[in-house]
Structures are given as C-alpha cells and as structure tokens.
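Both of the next two complexes hold chain A, though its partner changes from chain B to chain C.
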Partner chain A sequence: MNYMASVAAIIIDVLDLGSFNIDENTTAGDVPGWNSLSHANILMAIEDYFQIEFDLSEVLSAENVGELVGMIKVQRDLK
Partner chain B sequence: MSVSGSVKGVLVAIDAQIVFIISEVGEIWSASGFLMSTISQEHFLYPFAERSISNPNGKCCAILERGNLVEYSNLEMYNLAIEYAKRILSIKTNFGEVIPIILTTGIDLYAAFIGVSIAGCVPTIFPPYNKKQDINIYKKSMSELFKRISVRNIISSRSILNSEMYYENIIFKEDFASNCIGLNDIIYPFYKKIAFLQHSSGTTGSKKGVMISHDNILRHANTYADCIGLVDGDVIASWLPIYHDMGLITSFLMPIIKGNRFVTMDPVEWSMRPDRFLQIVTSTKAAFAWFPDFAFNHTVSMSRATDIDLSSIKKIINCSEPCRKSSIDKFYQRFSQFGLSNDALHASYAMAENVFCVTQTKRSTYPVCDYSDDVAYVSSGRPMDGVGVYIKDEFGDFVENSDVGEIWISGLSLTDGYYLMPELTKERFIEDVYRTGDLGFMRDGELYVVGRNDDVLNINGKKIVAHDIENIISNIEGVISGRCFAFSVYEISRSRNGLGILFEHNLETDLEIENLKKLILKNVASISNIAISELYAVERGFIVKSTSGKISRKLNIEKMLSHFHSGF
Partner chain C sequence: MKKLVIYGNCQAGAVFNILNCTATVTENYTLIYHDLWPDAERLQQEILEMLSADVVLVQSIRNWQYHPLCGRLPEHIRVVEFPFVYFAAIWPFDSFVFGPDKRMLAAKQSFSSRGFIVPHPTEDGLIARLREFDDSPASVYRKYSEWDHSFIGNIARYAKLEEARLLKMDRDMGMSVGKYVIENYRIKRLFHALIHPTWDLIERISFEVLSKLSPGVSIKDLGSHPDYCSTHEVPVHPKIINELGLSWVKENDLYNVHGYNIADFESWYFGYCNFVYNADYNY
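What follows is the complex of A and B.
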C-alpha cells in the first residue's frame, strides 16, 4: 500500500484543494485551510480509511505529513 | 492568636500602610500582630470558600483525564488553590500583581486561577504555545505583552515552558509537592480593584486585557444564572478553553460562584473526539453547555455516536457573532433522535467588556429568525437584566425602524476598560457606554447581530485584528508593502469562517508567485496560529485604499465578491 499517496489524497479531498503538492515534508502551515478543525477532519478521515484509531497525544506531536504516515504504518502493523 | 515579641520578616505595604508581614518562616501576620485567617467576604470567591467548609465533599467539578472523568470535591479544589496562594505569597509578589497562567485543561489550571486571586494578585489565562506557531515569534510577542503589563511571575508547567524563556520567575506546577510552605490560618490580601484580566485574542503583544472587578463578576454570575434558569443541581458541561471569556465565565466562574458542578474536557481533545463531549453530557446528565457557532457544525460533521442521551440538556447556547440558523438546524436534525429538545437550542450575544452576556434568548421555542437581504439572522435574545442595548449610526445617533447600525451597550456589568490601555479605554468606553464595533438591529425587543463595523475579523470564533495579519504579510519580501487585505470568508462547504487574503506583489513569474504564496501561508500560520483559507495574488492597484491611505474594507469586500468565487 502506498501510504503517502493515500494520505495526500485524503488531505486534498478533505480540504477541497483540487490539486496540491503534498509530500512527506509538508506541514499544516504549508496548506491552505489546514487549521485545527480541518486537522481533526483529516485525522478522522485517515482513521476511517485505514481502519485505525490514533492515540491523540501521539498524533498531535506529528511535525509533518511524513511523521503522520509513519504513525499510520505503526498502527496498521499492530492490527 | 496574639503575638508575643516581634515578628521578623518582609513587610507588605499598600498605600504606605503596612498590611501584613511574611515572617522568616513563611507565616503571614497582620500588622496588628494577629496571625491572619480567611478571605474577604467581598472577594468573588468567598461563596466558593464558604462552600468548601460547609460542604467539603460536594462535587465541584469533573475533568476528563486520559479517558476517565475524574471528580474533584469542593475541598480538593480549595486545598489545591490554597497551595497555589501560599506559594505565590512565599515568593513575595506585589499586591495586585498580574500573574499569567499558561496551563492546559486540568485541575491545576482552575486551582491556580483561584489561588492567584486568593493571594491578592490578578490572574489572567493565556493559551499554551501551539506547535504550528514559530517558537521564537511566540516568545517575542508574549515577551512584549508581559513587559507592557509588567509581568514578573508566571504559572506554567515544565511540559509547556522552560525556564530559559522570558520570565523573571516561573512557578512550575510540578514543583509544588516539595515547595509548599506552611502558611496556615491566613487572611489573604484582598485586591478589590481587579478580580482578573480577560485578554482578547491577538497575534502580537497588542492583546488587550479587560479588567473585571469582584463586583462585576459576582453581579454577572448571579444575574446570568437567573436569566438562563440555572438552579441547584444543574451540571454545566464544557470543552471550551478558559483563556476565552465564554469558557471562563459560563463553565468555570459562574458554577464556582453559584455552586454548580462543572464537567469539562480539553478543547484539543474535543476537536478530535467531539463524541466524548456528548458522552460526558450523557453520563453526567448535564443541563447547560455553550458552543460557538462553528462547534455546532464541527460536532455534526465528526460525530459517529449512537449511544448518547441528550435529553438532560435544558439549554445549549450558540454564542457567536453572528449565530447562523443553518448551524442550529443541522445540530437539531442530527441530535433530536437522541433526545435533544428543540426548545433547548438558544442563542446569546456576549463579550468580555460586559463580563460576558449582553443578550440571551429566554423563549421556550426554537430560535427566532429574521431575514435581511435574504440572509437568515438568528435572534440573540433580549438584553439581560440591567443591560442596555442601543443601535446607533456612524454619527452616534440612534437608528430608526429596526435598521442596521452599530451596537452600543451599557449597564452594571460593564467593566472599567482595558488594563494599562487608557487611550483605547477612552475610545471604546464613552460615558459609561461601550461601543462594541458589532453591527446589528433590534426587532420586537430582540437583538440580531449581523457582522462587524471595524477591522476585527471573526475567524472560527477567534477575534483577530485584520491589521495584525496584514502587517505580517506586508513584511514578506515580494509583497508590496501595505498592499494586502485580510477578510473573513464564510466557507459554505465547511460551515465556518475562514481567513481570506488578497495581496499585491512585485514578482514576474508564476513560480515566484507560487513560492510567495507558500511563504505567506507559512508565516501567517506560524505567527498567528491561523490557517489561511483563501489566498489571492492580485494585480497592482487592485486593492482599494481611501484618500487617507487606509484600506477600505467595505469596497475591497465588494470588489473581491465581484472578482472571485467565494462563499461569503
């Protein structure tokens, strides 16, 4: 599974960006409309898609999309 | 208990009168030689202190901690607050000194606020540093603010701040167990003038602190409780941050004063898991909750709950400028199946300058709407007892026939203005009437709020000054200085207010412009902690300025609407 591509697609869909380049180094501040509420929407969409549940304190510490993807991989491996 | 012999220690004087002495062993003695022992009956926390003695095991609050709702009794809250008060007195703070509290939601946040006030100092709460912000900019702006309001001490946590930051003295909550001193049976100094400061949102050191007196908060808590029908035994549920007036007054100070239990959770956790809030309402049979407008939509969009019971809710109050009918409708449609009554949905108009509530709906029917230019505006209700509301035109004359004008307020809850900002206070508080800057109209005695009259933008319930954002952008290389425009945009698809930006530039290629856009997004997010929703590079001369060189907000919004797709 290409985790990065899936996460990028989810972010673009939730934020209704049309097209936008999102890579592992992308942070919330780089992306229009990525605020605390849309962050919650993104995380929930990721949880639904990957059938996982984040630990909130952990997921909030993610510095960029790459770290978020890393956490998804860990969660998926635990299943 | 009388004193034999002399007490050596630090003399604490007010207006050249020695009021009390902190002895070498940390005891507090009155100047007349008596060990001091209670708090003033005029203190706004006196009812709480009394209750802690008369009903020590009564439930004060419950806080969601690591998935569990942890109960705290009146006495537990009071004792921890007293530990904070003792600690503050032991470090020789000045009488009436402003002490900021920077803590996340937890018992220490509430206890520290109470403790600072009991110790004769002035508490004020600020949000913790957010990782999206640039740490250096955060430190600089807070440093500017703390210098302006003469901060010497601060209460925080090692997980939030470190001692190399910008304060003379940080009281870390983690140090309490080993550092509390034995000050028993104390009369705490009573700083009557200011009970606490309520700071506005802001992106720089220009945050303004509304001065709220003991009289203000006591009167307001009692009047507002009567207004909404709060009675003994009613539980108040909240996820609201208490650095904001809505959470501070409705879901902490009013219940503390009136003796109602409050149950709460961290706002960040709420944003991720709003169902947990609904589960708290269910398990505690909460009767009251306050939401900003966006929270109704966010809860609807995120909720998956199927096992909740909201029938205990007497009032869930939309407190925003403006309240939107669509938000209330969607919330009711989603949750009526779980027992939410249609007469539980209410609206309010509030601001820190009036402690909190200005108007409040009381009717036992679904919120009333009125239509102006095809937009449905929700009534924010009638003025609370003792509050006057006036609609005036730009010349300060009363408007006629329910026309839209600026909202002015007066009354006994009106505060004394902004801390150490006499010019701004003079500008906004005119002969005991406060000029709000909000636009609205009155119909059948009820207030309808429609927007703002000045350069304050309401972004998801957070009020920010447009100039602050425009200054950030103007300082970025590539943007023509002074040629940018910040505005609030209603995002229909997400049912919330976002931040929009127009800017003029001196670049030539599309790649340069795209890179500049990325830089603007990043800088605004890191400095202001606000994400831009819409960002437009416009040709030179697009942004309209008045002859005096000021940005014309009205004309730019009209021009913006005619040029770009937008969901205003």
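What follows is the complex of A and C.
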C-alpha cells in the first residue's frame, strides 16, 4: 500500500482542493484550508480509510504529513 | 495608566468587551482592541499602538503568524496568549471546518453589497457538497437530515478527537478552558454556532485571561456584558444531538435567527436554500 499517496488524496478530497502537491515534508500551514478547525475532519477521514484509530495522546503532535503517515503505519501494524 | 492591547477575532472582541468593564482591569489599564482585518492605514496605527503597549493579549490564531509584529515585539512588552475556543463536533459541517459553500458566499456578498442584512451569517459545507450531486433542495435535505452520505461516520469519535485537541490547547497555554468545554458541552449550551461562544464560555475565557493579568481574582470580579452572539444560532443536527447526548437542545427546538425564535432545523435549512437560490447575484 502506498500510504503517502493515499493520505495525500484524502487531504485533497477533504479540503476540496482539486489538486495539490503534498509530500512527507508538507505541514498543515502549507496547505490551503488545513488548520486546527479542519484537522479533525482530515484525521477522521484517514481513520475511516485505513480502518484505524490514532492514539489520541500522540496524533496532535505530528509535525508534518510524513509523521502522520508514520503513525498510520504503527496503527496498521498493531491490528 | 498602563496600555493593554487585545488582538484576535470576534471572540477576542468579546473578551475585550468584558475586560473593558471589569474594574480590576480598567483601574490599571487602558484597553485597545485590534481585530484581524485592519486596512493598511489602520494597521500602521495598530503597530504603533502595540509597540507602545505594556501588555499584548494575543489570541492563538493563525492570522497572528502573518502579523508584522509576530515574534518581533520588544522584550519589555508582556505577551499573554489566550485560546480561540470551539468544539467542532457539534457543527462539523460549518464552512470553517468542512470547507466553503461558495454559492452561499456569493449570495451573501451580493446581498450585503446592496446594503441588506444577510439572514444566514454562516455557511454549510455539507449542503454545498451534496448540492454538487443533486441541485434539488428537497432531495439534498433528505440526504442531509437522514445523514445519507459518507462524510463523518462516527460522531462520537469526532468528539474524542476534538476533546484531545482541547486538552492539548490547555497544556500549551497553561489554562483550563478546554477542560471546561469537555466537562460541560453535553449539559449546557456553550456555543451559539461553531466559533461563537455563549456568555458563559466567553466569561470563562475572560476569567482565564484576567487570572494571568491579576492572579488571585475571582470570576465574580468580571464586568457584565450582553451575550453578543445570541441573535445568530445555528441548529444542531438531530443525529448529533442524539449521538453526543446533548441535553441542552432538542430535535424540534427553535433557534434565534436575527433575534427571533423562528427556525427549527428543517425551516432553517430551507431558509438557507431559499436564500442561496433566490438572492440576486452572479455565480
């Protein structure tokens, strides 16, 4: 599974961006509309897609998309 | 007399209003409020005001990062950060959370440019998304009201994520407003709409700020001020009422729209659609 591509597609879909270049180093501040208000929607969509639940004590500390992808992999491995 | 500047959105404006009628504050400070959208001339004036302040209260909001004085205030100026408070699980489709309703935005801009008061200050991103597939208000309403869509399947989980965000906000700022929201959002109204707190919550935020300025004060020391946002309420979706177990609101409640108790959930929705479809504008 290409985690990075899937996460990028989810972010683009949730924020209704049409197209946007998102990679591992992308931060919320780089993406139009990705702010603290829309963040929960993105996390919910990722959880639904990957059938995981993030660790609530960790997920808000992710500094960029790469770290978010890393947390997804951890949760997938735990299943 | 010392000078105190408060920077932030309408919540910050409400905090300013309360502190500005609080004797503990006004006996020591002259207060000035800076909103997020000054024009160029006003911004220059505000920069001078901020540079001559003794205390700057900065709301934790992204706009501050683009302010010319962000990270550049002299060390002798005390900077106190305070939170921008909302709980998105109650209104997850508000445009601030879910994305814009561009058609509604165009309608509002057209309406207000002709001097009319816009009846629906907020935008609903889900209505916009559903309208992309079916332009019939009745059909969209059925999908909207029956939750016949794939957006946000688990509201309780959404609330858990929001609670985690609020607790992190408390930790980051050394305050307890988030904890207060978590303990109370099910049992009493804390917001009129996504980002518009009730008097109760604004008072709580103001108290936390006041406690930073004057440790040892009581919440009873705060001045009294009208609940500035109570005239614009957004209905809570019945499914959200049930799944979050909100006891302060019922499915058939009426909501204030411009100060009148005139809209239940369904009539608010169709009023919204009527405005989108019938306002005279070019989209």
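In this text, the second predicted complex is superposed on the first by the 79 of 79 C-alpha atoms of A that agree within 3 Å, B and C clash if a C-alpha of one lies under 4 Å from a C-alpha of the other, contacts with A are read in each partner's own complex, and residues count from 1 in each chain.
The definition used in the following text is that contacts are C-beta pairs under 8 Å (C-beta built on N, C-alpha and C of every residue); 3 or more make two chains touch, one makes a residue touch a chain.
Quantities reported herein were computed from a predicted structural model and do not represent experimental measurements.
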Practice prompt. Check chain A with both chain B and chain C modelled on it and let me know: fit or clash.
Written response: clash
Practice prompt. Figure out whether A:L37 sits in contact with chain B (first) or chain C (second), or with both, or with neither.
Written response: both
Practice prompt. Identify the partner contact of A:E63: answer first if only chain B is touched, second if only chain C is, both if each is, neither if none is.
Written response: first
Worksheet item: Where does A:D23 make contact in the superposed view: on chain B (first), on chain C (second), on both, or on neither?
Response: neither
Discussion item. According to the stated criteria, A:D13 is in contact with first (chain B), second (chain C), both, or neither; which is it?
Written reply: neither
Worksheet, complete the sentence: The shared contact residues of chain A with chain B and chain C are 16, 29, 33, 35-41, 43-44, 56, 60
Practice prompt. Write out the stretch or stretches of chain C touching chain A in their complex.
Written response: 62, 65, 84, 86, 88-89, 92, 96-99, 129, 152-154, 157-158, 160-165, 168, 194
Response to the item:
chain A residues touching chain B in their complex are 16, 27-41, 43-44, 56, 60-61, 63
Item to complete: Report the residues of chain B in contact with chain A in the complex, numbered from low to high.
Response: 131-132, 268-269, 271-273, 294, 298, 301-302, 460, 491, 493-494, 496, 498, 518, 521-522, 525-526, 530-535
Practice prompt. Provide the residue numbers of chain A that touch chain C in the complex, in ascending order.
Written response: 14-16, 29, 33, 35-41, 43-44, 47-48, 53-54, 56-57, 59-60
